[in-house]
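The same chain A turns up in both complexes below, where it pairs with chain B and then with chain C.
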Partner chain A sequence: MSAAERTVSIPAILIHWTPAIASGFLINLGISMLAMALTTLLGTLLGVGAFARHAWLRHACAGYTHFFQNAPWLVILFYCMLLLPFRLHLGVLALPLPDWLKAVFGITLGALANMAEIVRAALRSIPSGQWESSDAMAFTRTQTLWLIALPQCVRRMLPAWVNLYALVVISTPLCAVVGVHEGMSAVADMLAFHDRPGLLLPAYAYLLTIFFVCCYPIARGAQRLERALHSGDSLVDR
Partner chain B sequence: MDAGLPDRIPHLFRTLAARDGIDLSIFYDHYDATRFAHGLVTTVELATLCVVLSVLIGALVAGVRSRKHQSRNRRRVLVVLLDAYVQVFRNTPSVVQLYFFYFGLGPLLAHRNQYGQAVPLIGNFAWTVACLSIYGGALNAEALRGGIAAVQRTTFEAAEALGYSRWRAYVHVVLPLALRFSFPVLRTNLVNLIKTTSVAYTIAVPETLYVSSEIWSDRMNVVEMMNVVLLSFVGMAGAFSLAAGWLERRLQIPGVGHERG
Partner chain C sequence: MLIANFTEVRYREEADPAPSHPFIQCRDVRKSFGTQPVLNGISMEIRKSEVVCIIGPSGSGKSTLLRCFNGLVPVDSGEVFVDRQPVHAKTTDLRMLRRRIGMVFQQYNLFPHRTVLQNVMMAPIHVLGQPRGAVEQRARELIRKVRLSGKENSYPSQLSGGQQQRVAIARSLAMNPDAMLFDEVTAALDPETVGEVLVTIRELAASGMTCVLVTHEMAFAREVADQVYFTDAGLIVESGPPDQLFSCPRDARTRAFLERVL
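Moving on to the complex of A and B:
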């Protein structure tokens, strides 16, 4: 590195690399959104499954939830990265399975357990009278679950769901550890390019700030939702 | 029975590897077994230290932050700083926090030895403990805040009337009650913290995931080791969760605590 390059100030380097870091961070956001969509879908099924009539289905759902609640997300990510094939053969169709998609699956597998718990807790909080009256009105159990109980849960689940999204966003840098290029890898690229020990601290502080700016409003929003829920719902609940 | 169980188990797994190709080398290879055992011990050490320290930090921070137990305006600045600490650590990724501490702060805290090499004062294990305890402390402070809010103001006032100082009333009266109120959240936090210790892999702390990655690179038994790692962590976190549940029931005072016991 030339002497001229050495004199570039650290803020200047950070500003220069901001587009690269930002586009990396967009990958974090993309992964988090895809994972959250999948988590919401499958987690709802899993949570509802805990109320299924068939005992084996109930046990399977509860078993999955308990197991994955205790499994570290990084380990699950490694699992998906190393053991999923890079290409999926479905008959004649060969679907490529890029790393970022495997990361989405990995995060989803971990977050699923949290989502199932959220759904289960919300369904539990539905007063038993609701179940009994819908039974009296000749709704089947499946209909009661999907048409009566679950729609009421949406509002109750919202704060926890928003919190889970923040948790998913925060966990996306783990993808860098297993080789997906995202925000943290962009910072690592910058550090490798400039090779200045003084840059390490500001670089990671910068990345922390980016995550904070994204996640703090989400957490505040969840808090506000929770407060609104507790103040507004009391009339309906009791 | 002459061969004895200790000899049979390695034999069993050696045949399993030779015949079925399921290479669980940690059960028959002495070197791998030792490595893996050390990894497990390191994870347990990390987890224990982080759990204890994070609860202490959480209790301390929650005590100072709670408005109930402090004179007005006295520690405004401190409270604002602690609020900032809790929010920053709760809303940023723990991997990046660890990198910030280890790669960012670590070199600043190094001294030069007689050959002029930089020697870090704090190793990667200690950094992980410090970082994860601070991170877990932020989570626990938030959990305990809810517990403290649930303690009746009159309880604190009664303690004060009995001559307890603010701090002693907090430690001896409010905190034991708050712990019981916030136990379910605390338990979830601590299980998450134990899971998060696997992040120490990224800075080469020889914990379970890291030693396993070494073993699977040497032996090419990725599938087997991946399952072993997953089961090890689920076992450890599950054991902690069960123990915490037991403790929760033991500490339960009738009429105090969560309705959903």
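Moving on to the complex of A and C:
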């Protein structure tokens, strides 16, 4: 490191490092979006499973939810890294499973238990008259869930869903611990490459700021949504 | 004119004119919720095209009895038959049976995320598997018959209670039921809107639809019913034609109830 480099201000250095840190942060965002998409899909199925007519299916869904809701995401991530193969063989197809994809699966496994709880709670909040009238009109349980109950749940679930997404985003730095190159690792790489251990605190504070700028509007949005939905809007369920 | 319109939309009456057996029959039906007995041995018969009103004090088991007719509430003992089919037998396909019995609830229970038209169309499309075009045409006709033309694209929350209840009636009629169950359908309505719902039910009853009404509208029951049942403490205390039951009730409990409400 040259003397000239030493004299450059900290903000200037961080701005100089921004493309590298941002590219790492984009991996965080990518992982969070993919994980949230999978979480929404599978968590909805899991939450709906809690209302299945078959007791074994209800118990299986509840068992998964209770177990993974109380499991640390980092431990789940480690399991995914260690247990999932590098390549998935599907007949003649050999699909590579890069670390970032394993991280997506790990975060999804943890988050979808929370999603299932959100769906289950929203379904529980549907007035009993809706289920009763659906039964009286001879809808099947599946039809009642997918055509009548779940569409009414969307608005009810939205604030909690947005909160869960914010939680997923801020949990993605865990992936650095299991070797995924994302925002945290990008900062570590820049500190090591430029040999600037003295910038450790400002560099990570810079990354924190990036996360804050990304997640705060999401959290605020969730709060505003929640307020709007509880403000007595008569069209709330539409 | 409207009476004739309701008749047009029914088809099963013509296929099975005036059968000799009761359409709905209860034999010694008993039901408890926990340790609280609600029905203590109800037996009654309702024939096709008959209009039956069930009256009685709150908590006397009227709504529970109505729900036993379409299997929404399972019975503890006794039997309910709909068109000779045992409702509570394990072999009975309740969904098939419920297609034949419409039910309208006190709280309307419309689907709030669907428009009026969609509410009326949903069951025929998804339960009966009828083609969307034909269902929509019939749904619009039914909405017109309950005097809600122009409200097809409104959401339930944009309608008054009376309008919502009429949509609920149209929604049940869209399934072409053989009988309609009305569970205190005017109880949640303000006095101004009660009338518009009663007009719809009156037309339906006059069209020959088998109707069973749990109601607190005594004047209406007296006007439309062929038979009135007075229930108290889970038992049928007295039944008979409305003129007889309202004018000269035999049982002291009936007299006391009528004195309170009339």
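Just so it is clear, the second predicted complex is superposed on the first by the 230 of 238 C-alpha atoms of A that agree within 3 Å, B and C clash if a C-alpha of one lies under 4 Å from a C-alpha of the other, contacts with A are read in each partner's own complex, and residues count from 1 in each chain.
FYI, a contact is a pair of C-beta atoms (placed from the backbone, for glycine too) under 8 Å apart; a residue touches a chain by one contact, two chains touch by 3 or more.
Keep in mind that what you see is a predicted model, and the values were worked out from it rather than measured.
A.B. asks: Answer with clash or fit: chain B and chain C placed together on chain A by superposition.
C.D. replies: fit
A.B. asks: Examine A:Met137 and indicate which partner it touches, taking first as chain B and second as chain C; both and neither are also allowed.
C.D. replies: Second partner only, chain C.
A.B. asks: After superposing on the shared chain, does chain C or chain B touch more chain A residues?
C.D. replies: B
A.B. asks: In the overlay, answer first, second, both or neither for which of chain B and chain C A:Val92 touches.
C.D. replies: neither
A.B. asks: Would you sort A:Ile148 into first (chain B), second (chain C), both or neither based on which partner it touches?
C.D. replies: second
A.B. asks: Can A:Gly129 be said to touch chain B (first), chain C (second), both, or neither?
C.D. replies: second
A.B. asks: Quick one: is A:Phe78 in contact with chain B, with chain C, with both, or with neither? Answer first, second, both or neither.
C.D. replies: first
A.B. asks: What is the contact status of A:Ala192 with respect to chain B (first) and chain C (second): first, second, both, or neither?
C.D. replies: Neither partner.
A.B. asks: In whole Å, what is the nearest CA distance you get between chain B and chain C after the fit?
C.D. replies: Closest C-alpha pair between chain B and chain C: 21 Å.
A.B. asks: Can you pull the chain A residues that chain B and chain C both touch?
C.D. replies: In chain A, no position sits in both the chain B and chain C interfaces.
A.B. asks: Could you list, by residue number, the parts of chain B that touch chain A in their complex?
C.D. replies: 87-88, 90-97, 99-100, 103-105, 107-108, 191, 195-199, 201-202, 209, 213, 222-223, 226, 229-230, 233-234, 237-238, 241
A.B. asks: Under the touch definition given earlier, write down the residues of chain A that touch chain C in their complex.
C.D. replies: Residues in contact with chain C: 127, 129-130, 132-133, 135-140, 143, 147-148, 151-152, 234-235, 237-238.
A.B. asks: Using the touch rule from the top, collect the residues of chain A that touch chain B in their complex.
C.D. replies: Residue positions touching the partner: 66-67, 69-76, 78-79, 82-83, 166, 170-174, 176-177, 184, 197, 200-201, 203-205, 207-208, 211-212, 215-216, 218-219.
A.B. asks: Going by the contact rule set out above, which residues of chain C touch chain A in the complex?
C.D. replies: That would be residues 70, 72, 94-96, 98-99, 101-103, 105, 107, 109-113, 122-123, 126-127, 155, 157-158, 171-172, 175 of chain C.
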